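The same chain A turns up in both complexes below, where it pairs with chain B and then with chain C.
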Partner chain A sequence: MSQTAPSPDLVTVNIDGQEIAVPKGTNVIEAARKLAVDIPHYCYHEKLSVAGNCRMCLIEMGMPAVDPATKAPIIDEATGKQKVNWIPKPVIGCGTNVSPGMHIRTTTPMVKDARESVMEFLLINHPLDCPICDQAGECKLQEQATGYGRGYSRYIEPKNVKPKRTVLGPRVTLDDERCILCSRCIRFSREIAKDDVLGFTERGSYSTLTCFPGRELANNYSLNTVDICPVGALTSTDFRFKMRVWFLKQTNSICTESSVGANTVVWSREGTIYRITPRQNDAVNDTWMTDSGRMLYKEVQAENRLTRPLVRGVAVTADAALDAATELLRSAQPGTVAIVGSGRSSVEEQFLTRKLAEALGDKVGAPVSVVSRVGEGDGLLLSADRNPNLRGALITGLIEALPPTYAPLAALAAAIEAGEVKTVISVGEDLAEAGLSAEQLAKVSVIYLSTHANATSQAAAVVLPTLTVFEKSGSFVNQQFRIQKFAQAVPGPAGAADDLATLSALIAIAGGGRGGPVSDRNAVPNGRVETLWKALAAEVPAFANVTYQEIPDDGLLLDATPYASLPFVEGETLHHKPTTPISPLNERATTSTAA
Partner chain B sequence: MAILPVERRPLTLSERSYLPQIARGLKTTLKHIFAPNETMEYPEVQPEIPPGYRGVPTLVTDPHGREKCVSCQLCEFVCPPKAIRITPGSVPEGSGREHIEKAPEEFKIDMLRCIYCGLCQEVCPEEAIFLQNQFSLNGLTREEMVHDKKRLYELGGSLPDRHFKWDKKKAAAEHGNAH
Partner chain C sequence: MNLKPETLQRIDEVITHYPVKRSATLPLLHLIQEDVGYLPEGTAEWVAAKLEIEPINVHGVITFYPMFRQKPIGRRHIRVCRTLSCALTGGYKVCDTLKEEFNAELGEVSPDGEVTIEFVECLASCGSGPVAMVDDELHERLTPEKARELAAQIRAESAIRASAAAASA
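Take a look at the complex of A and B:
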């Protein structure tokens, strides 16, 4: 060994003449990646086991020479350094773990030759239908063919014929001719999704990817196989032939399906969202996300999307709707207004909801309830707590204790029955779905901030259309108390106002602006996320040293200790283990599946 | 710099009478009256279009009347003035062409934007879009100047094909080394 490793867990290797210390057990591809040396590969995926079957990552490897008898280093007299014994044949980078003093060469003629030969083999039967292939533009085979392809084919025999449109499951379509047999999808199904339904049949060039007889690729993680497919063999039935990827704008977002808060990328073109894919965050979702989370973009252009403010069911202008809200709040007796906040609202919206509650009450503030949704967790990336931001409601002070998971609005319903509450402001929560009966809704005047029409919007006195998560910016706090930002991907529909602007207007109405002229309503300066964060940092202790701009793309872990004793409804997920026991009340709720 | 006064030469008699100049002018006129025409009686006479001319962009079918475009959207990507707008779609099963899988649902070229550069023709991997010989284009409304798929195929017609690549693909699928 020519040099000592700096720490027992680190191993120093030499890649293309550069030395780097990497943890023990790292393979050559990962070590090279740290030096920005690209080793092309297809079958290797950092979150899956190593298969070593594509042979694209062949590299030249050598070990420091030692005398077999004495184990003394053999010094090359010309250079004065220890000699390196190069292995005469190339080895695969993915299956080779680093060892002390290992030397790697990735630019030699032998490596280049190996890559070119592997490419030629792969392209023998691969159809050249890039113009109709959805993977074009993000295809590893296309990219490597540019670097190591021959440019013409020496193969004059007809190409293999395989099934072109196998429906593997409800969301995945397979083109077997394009498959390069890397087995990433098989390993994903077996190791991550734990739903071992894929496999190769036949041998040699007849090898075909198929589902086992009588099974289908229908688990809630099936679309991840489409993401990790290095070629266009596995395609998303939803996205198939919809749009070429090079037209799509990528916006970082957060999945709102559950409290896991999977990091996502929203792919949109000219205000239309085409697909959602996972974004790598090794502390939250690795490189995966649920199929159900990918379909959430469909709510943006749903049939029942609200695009006009409504006053008692009649479409009016935004000013007229705010006038009606002013009238309602002005005529309300003090103490008869209640607020229903949401675990789906962003941190910023929850903060303004709290401000609204404070502005509405004389001393104690209007009572706030938050609707909590609970479902069954799958132990991976779908947690039992189906609110993306319930922790945000605690941190911003919107609520003090966890909302009941069973009959979330029972207290509000009782207050309505008793006649104590006459006006309800709901920030994005469907009150009818959350348990208020039609009679109870009829007894109160509801001011409803909502994205979609539903039973509550039909019963509400004033409906103010707002934006979906794809149309606004903000942040969520996930189950690990990690605050994560999402950005606006597409503009909202005409007629829908930003939630923050609407809440600011309501605060102005409730507080200083009550009864004032309409122009005063927009005078609240907190309508924008960045300016709002000045107030958040000043008033919320957990955010004292945080600015919105400084929250990194993979989130910022907040101090969870003040909330450690709260009985969150959580099972174990990919990167989160709950510390508090599930309370009996919550156990009862998980069986009722309110999500 | 010094100023040099130039003596103006007095005009001669022939110059003063102006007759030789008139005669010379008439000679030129007469020559062109009897010389062959340089201009063309457009639109009664149509010009001969040289090969490689870049006229109105059109979509073409192959000699079997098959739609060649597979909506790869490369022309839309390369188009400098962003005149092309494609809505991709899939070929329905049972149409006899489902092995091609993809075809444009709608294909629009805004001829008010088009600059006749021919990059769409150059980039097309399926040889489906051609700038052909039409050079005269007019319309009464802006909508009329946006050519849709139907109009583009009317203008384009059918062109000879050397490859018939999709026919070969179908033949291979039917008789190839399937197992």
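Take a look at the complex of A and C:
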């Protein structure tokens, strides 16, 4: 056949007159998407099996005509091209895989008629109360009704009455009247979450989405059903009726829950975050994320958020706090300052933490510990390493080996007990939680950069409030050694300073301790991510050819080979297979600081 | 689930008829209903465990088919046709008469526990309507009078059964 694609794995199809070569096995919706031809659909989801029950994606399909006997192409004499035998009835796009020479039409009267009819059927029993529906503004039914709805109903019969405000689980609320029975949530629960609790009961127009009596939709991925619900049937109990989605600003971010680094969108308005949803990245998290990761925004306005610098527990100005830090660092004997860095810090912060360590030490630099967080991985999107950026600490040179998975601060504790360490700078790590006892904390002066108050902030000499991941920009390196950017979604609270500015100030102070001018601490030359990346590119070999602006939205894969022999704790997750043997320490790690 | 040994045996046997266990959902539900008279609570879980699927999949099947009962019925099951031919020839009157005779609500067990009367769709005997089935036995060309006779017959049979039971006890 003349239209067969040159590569055996590619199939050439003709959609609305345009030819495109797509991989074998692609369905018509996906093939059309590549040509920016939109085929409306509800039940089809690219990451789930094909159900073909909504019928919204009906299209016209034809195949090149061949003589049944000789298999020779039949040529249309008028055009000189091979004739196309159009199938007299529409077919569904989601359930139709491309085949060589296939012709698709999506703009014909038959297709329009089919879409309008399907819309009319779907709207028979669907409540038309969009103004009070929480899905309004991001509802596929509403969207397609604009294109294919009649504008008025031909039905005078009353609509079906079904259960409303059903509590499906701790985080999901169901309105059955709005459900269009697409079964996406059922397929997600069965195929992705592996928690098959949802199903349809009854029949025909009485069909009702339910959880099996006595069970609930409680798995850690339940909120993904809310994301993929095309209508307002499944809603997030946390978010529903809090805010109209069109008022919300969307900011790309990265989930900090674990080293998976799920790509996210943070939805905020006027400095308040309302929800977090997954952002598609087919190499990391597909279109999913955990429920627990979505709740992390609550930390922004938590009761114990630090909003004032503290010196020995007394609220002071930022200047006074830095003065106190200056005094502490200047009076410290050389070699008695230790640093606790964090796998939760961004790449940029880890780089500056390393700089700070170098500035503090005479020749070798101050000793740096990093706190490991090991939990149980779920094999999907929650990895065993609950630090989002442990690999960043390796790449930036903050640490050279992996921190011990058990009792990560044991060495520091011993040094404190031995009187070798008198001052500890903690970059965001709760030292008490990480294993230092109250007595050990009492023996040292702690300079603590932190977002929240805790036992360490109470014991610290100087507390410098910093920002959460939602209030700053930067990057993380996930378990695949993929560097991914996150952007500032909301401003930080007054009184909290950007981590980079604070670290730069401390570096200036430490440098001053060796004779440099202390007043430089306010200049913070590396306080901005973009500026800092010039230094990162110059000093970190892995970033030699990288600029911050050029890191794509779906991340940039870095060379992992230098670290191939390290015993990372992660097991297999959705898009990550560990290359190194799992750390034998992992089993003992349950008593460490895992969340 | 308190099933007779022979039902359990038939269940184990019928599962082997299918390439995938899940396909045996319907036959299993029929066997349980035949044995118990209805599908008692816990059926979905029991069948699901037997077929290595999740209970929601069985629950969907049970609620899909109206012939699967989730509540006990009376000793006799009366099904009156209400599809067009029977409706035109007086099926509703027949049904009303039976309800009156047994003082029963549609779909409920009569107060004496004797019958459950239900409307059903076509019983495939449109030429001889109105028709009704008492358990597996078809009654044709019914009239209110014939329905009263039928009721009397059911009660008589019940009385015989009761006295036989009393005698043997």
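Basically, the second predicted complex is superposed on the first by the 581 of 595 C-alpha atoms of A that agree within 3 Å, B and C clash if a C-alpha of one lies under 4 Å from a C-alpha of the other, contacts with A are read in each partner's own complex, and residues count from 1 in each chain.
In this section, contacts are C-beta pairs under 8 Å (C-beta built on N, C-alpha and C of every residue); 3 or more make two chains touch, one makes a residue touch a chain.
None of these values were measured; they are calculated from a predicted model.
Novice: Touch check for A:Arg203: first (chain B), second (chain C), both, or neither?
Specialist: The answer is second: A:Arg203 touches chain C but not chain B.
Novice: Should A:Ala218 be classified as contacting the first partner (chain B), the second (chain C), both, or neither?
Specialist: neither
Novice: For A:Val50, decide between first (touching chain B), second (touching chain C), both and neither.
Specialist: neither
Novice: Report the partner of chain A that touches more of its residues: chain B or chain C.
Specialist: Ranking chain B and chain C by residues of chain A touched puts B first.
Novice: One more residue to check, A:Ala410. First (chain B), second (chain C), both or neither?
Specialist: Neither partner.
Novice: Taking the superposition on A as described, I'd like to know which of chain B and chain C A:Ala320 touches: first, second, both or neither.
Specialist: neither
Novice: Just chain B (first), just chain C (second), both, or neither: which does A:Ala537 touch?
Specialist: A:Ala537: touches no partner chain.
Novice: Under the contact definition given at the top, report the residues of chain A touching chain B in one complex and chain C in the other.
Specialist: On chain A, the overlap between the chain B and chain C contacts is residues 202.
Novice: Would you tell me which residues of chain B are touching chain A in their complex?
Specialist: 70-74, 76-77, 88-90, 98-102, 125-126, 172-173, 176-179
Novice: For the complex, which residues does chain A have touching chain B?
Specialist: Per the touch definition, chain A meets chain B at residues 130-132, 136, 158-162, 164-165, 202, 206, 240-244, 246-247.
Novice: Could you list, by residue number, the parts of chain A that touch chain C in their complex?
Specialist: Within the complex, chain A contacts chain C at residues 196-203, 210-213, 215.
Novice: Across the complex, what residues on chain C touch chain A?
Specialist: 44, 53-57, 59-60, 63-65
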